[in-house]
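Below: one structure in C-alpha cells.
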C-alpha cells in the first residue's frame, strides 16, 4: 500500500537535494571549523555560508545575528532563559500566549520557579492572540514576550507586526517561535520587528540536529550551554556541520520554492478541507483564513483521535496527528485545543494533517474516502 | 598530495558503515519516535535499539540508563549542572581535576557563580590526578566530582576505579567524561564505579549531533533543556534519529573492533613516538604508558605549535593539533599543558597527533620526515 | 540488560482494534455498565444478557483510544459464556495479558473495560435483587 | 548583509609564512629590537643595518605563530631601502593591509613585527646619539 504521509509537523523527510549537499560533510569534509588547517578553514567557510543562507531566508540584517543550536527546543530555551537571565536587572517578568509550544512553555515555567513572574495571554476561538490582554500583561519589566509565528497544531498565523508594536511600546524583547512557519510563509525579522526568532532545520526539510536562533544585533543573550565558546560564546559544542550545512541548503531551497509551493499546498489543502467538512459533525479548528498553507486541523464529534490515527495508518497507510488526550504523553488533551475553547471531549476528536513537499493532489480522493470510512467505523463503536 | 589526517580528537570522519546504516533515517525512516503510527513505532524501536547498543559498549546495567543528548558538551553540562541542581539539598560543593575539558570546567564555573563551592584537584607531571588532594577536597557535601576517563590533549588515562573509591567513600556522585576514551579502551561503568558518564558519537566515528549520558539507576538528574519531555523528561527535543542510530551502530563497530584496533594503533603510535623523539629537544607530554592507544602528544623547544600545524598542512597535507596559545580562541596556552607543569614557552611548542581508523602504518616514514623538516625549518626562524 | 518498554500495541491488540468483537448494545439488556475514564476522559459502555447466571450475550461501545476498543473487545470475548461469578473475576491484568500486554501508558484503559463489565454485572444483580 | 569575519590567512600571509623573506640576524647589526608579545607570549627580534639613515639590510627571527612569521617577513620587506623616518611610520595596520588582512584574533601579531622594527630603529638611534 502506498504511503501517504501527512504529518510533516512532527517530522519531515529530508529533501534528497539537501541530503546530497550535506552527506559529504560526514566522511569527507569532516573538519572541525575551529581548526586552522585548510580542512578546518573549509569547514568554517561552510559553516559561515550556512549562516548566511539562513539569515537570508528571514531577511536578517547580518549573518552574525544567526546562532546555530541543536534543536528548536534548544533555540527556544536559549531565547527565553538565555535572554531573561542575561537581562534580569532590566526586569523579571516574562509573558507568552497560552498556545505556545511546550518547548516555550516549559522554559517559561522554569523561570517562574526561579522567581520570575510569568503571565500568559489567551487566544480567541480561532487561535489569534488577544492583543488587548497582551497590552495589559506586557510591562516595562517584561524582558521576554514569546509568541509563535504560527501554531503547529491549528495552523493559525499570528499578527506578529501588531504584536511587535505592542511589545515594544510596553516591554522589552519579542521572541517568536517560527518553527512551524519558517520556509512556509515569508518571514522578515526586520519588517516584522522581531528581536529573537527560532527556526528549525527539519521543518525546512533539512536534517535534524540543527536549528537557529536569530538574535537581533544589540540584544544580549547568555549562554545556556557553557563550554568551548563556539557560536560566539553563545552555544558551545563542536559544530554539527552535516546538519548545519544541510539546514543552510534547505533554507535556500525553501526560499526559492516558497511562493510556488505555498500556492500548491494551499490548493490541495482547500480541496481537502472542502471534502472533509462534508462529513457530518466535522469542524475545522484554528483560523479559517489566517493559517499556514499546508496545514489542516479538524475535529469530529463523538470519536477519538488516536483511533482515527491508528485506523488511517493500519487500514490505509496514511499518517496524521491528533491532539487527543489518549495519544499524549501526559494523557491530557492538547493545551492548544483547550485554549481555543474546545471541551475535553471535543478535543478528543482532533485530527491534524500537515502537508509537505511530497504531498500530491492526486491522493486527495483516496485520503478523503479513507477519512470518511474511518469516521464512520469509529462512530459505529462509540459510546457517545 | 595524499591527505594524512592525524587530528581525530578534533573531528573524526564518520565510518562509511555507519553512514550506510544511518542515511535511511533521513528521507525514508524519518518518523518521529513519539508518534503512534507504524512509522513512528519503527523510529522508536530504532531509538531504543541504539540505546541498547550504547549501553552495551560501556556495560551499563540497562539501556534505560542511557540518555541521548546533542553533544558531549551538552552531556557534560547535564551531568554537572543537572545533577548538582537536582541534588542541591544534599550539598553545594563540586570538584573536578584541573585538566578537564572546557565543557566540564565552564559548567563548574557556572555553578560557582550561582553560589556553589568549586574546588579543583591538580595532576602530576604525567597528567594523573593527585589522589591525595582529591581525597582532601571531596567531602560529603560534594555532589558531583568530575574527572576525565582519559585526557584528549595528553592522552593520559586516569585511575578511575581508585578515583571512584575515593569519591564514594567521601562524597556523592562521580561523573566521568569519557569522550576521548570511549570506543578506544574498554569501559565498564559498573566495575569502574561510575555514576554518570559522557560519551560522544563522533569520537566513535559516528555522526555529530548525538552523544550520551549514562546515568546510573537511582541518580537523580534535573533537565537542563525543558520542553516536550523526551528522553524520560531529562532531555527534550525531537530525537535526532539519524545521529542517534548512527551512534548506536558506531558503538557496535567500536565494541567489536576495539581489541584489534587498539593493538594496531598502539603499534603505529609507538613507532611514531620512537622516531619523533629522535628530534633534538623533543619530549612526549602526558603519561609514558597509561595513555590512549592512538594518542601522541609532543613538544618541541623553541618553536610554536600553530606554525608546526600550518607547515605540516601546507607543505605535506598532514593535519595535527596543538595546545599553543597562538592557536587558541583565547590566546592562552592549553590549561592542560600548564597543569602538567609546562612553562608557557614550553607549551608553545605542542603538537598533538590523534590516530584513527584510517591511519596507516605505511605513512609513518613520510610523516616523520615531514615533522623533522618542519621542526628544522621553524628552528631556523626562531628567536629563542 | 532489561528495561525495554513495550513499543506500540501488540498484534493481538491491533487485531481487536481493527476487528472488534461484539460491538454495539445487546437488545433488551439485563445489565448495563457505563464508566468514564478518569485519566483521559473516555467513555465505555458494556451491556449484557444473562441466562441462568451465565452471560449469553455481551456487547460494548466506547469513545476511546485504540487500547480502549481492543480491551473492550477482549473483555466481551472473555466474559461471553462465563457465569457471573467467573466474569466478575476477570481483572484488568487478565485483559492486558490476553492481549499480550499493553504499553505502560495504556494500562489504565484495560481498567475501563473490566470496570464497565463489573458495573454491568452489578447492575444486573441490583435489578434481579430488587425485581 | 556584511559582518563575515575573515576565515584563515590570506594567500599573501601563507606565502610569507611558507617563504619568509629576510630570516635571520644581520651580521654586525646597527640596531636590534626585541619584543615579547604580551598577548600570547611570543618573541620577535628584528635587526637592521643602516647606512646614511637608510635601512640597507634587515632580518628577523620569531618564536611565534604563522601570522608572526608572515608579518615579520612583510615588515622587513617594507622597511628595506626606506629611510629611518619612513620606516618608523610603518604601522601595524600597514603590515596587515599589505598582507591583504589578518584574522581579527591575529591582529596583535602585526603589532609584534612593527614594534620590533621600531625598537630596532630606537636602538640604532640611541647608539648613534650616545656613540
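Order as written gives the chain letters A, B, C and D; numbering starts at 1 within each chain.
Everything below uses one rule, namely that a contact is a pair of C-beta atoms (placed from the backbone, for glycine too) under 8 Å apart; a residue touches a chain by one contact, two chains touch by 3 or more.
This is a predicted model, so every value here is computed, not measured.
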Label of the chain whose CA centroid is most distant from the centroid of chain B: C
Computed distance of Cα centres, chain D from chain B, in Å: 40
Where chain A and chain D are represented by their mean Cα positions, the distance between them in whole Å: 54
Separation of mean Cα positions, chain B and chain A [Å, integer]: 33
Two or more partner chains touched - positions in chain D: 66
Residues of chain A touching at least two other chains: 36, 38, 306, 310, 314, 327, 329
Chain contact graph, described as a line, ring, star, complete graph or other shape: other
Inter-chain touch pairs (all): A-B, A-C, A-D, B-C, B-D
Residue ranges of chain B touching chain C (in the complex, touch as defined): 36, 38, 41, 44-45, 48, 52, 55-56, 60-64
Contacting residues of chain B [partner chain D, same complex]: 302-304, 306-307, 310-311, 314-315, 324-327, 329, 331-333, 344-345, 348, 380-384
Complex contacts: residues of chain C adjacent to chain A: 9, 14, 17-18, 20, 23-24, 34, 39-45, 60-69, 105, 108
Contacting residues of chain A [partner chain B, same complex]: 3, 5, 7, 10-16, 19, 23, 26-28, 30-32, 34-40, 43, 70-74, 76-77, 101-103, 106-107, 109-110, 202, 207-210, 224-229, 236-243, 306, 309-310, 312-314, 319, 321, 327, 329-330
Chain D - residues contacting chain A, complex: 1-5, 7-8, 66
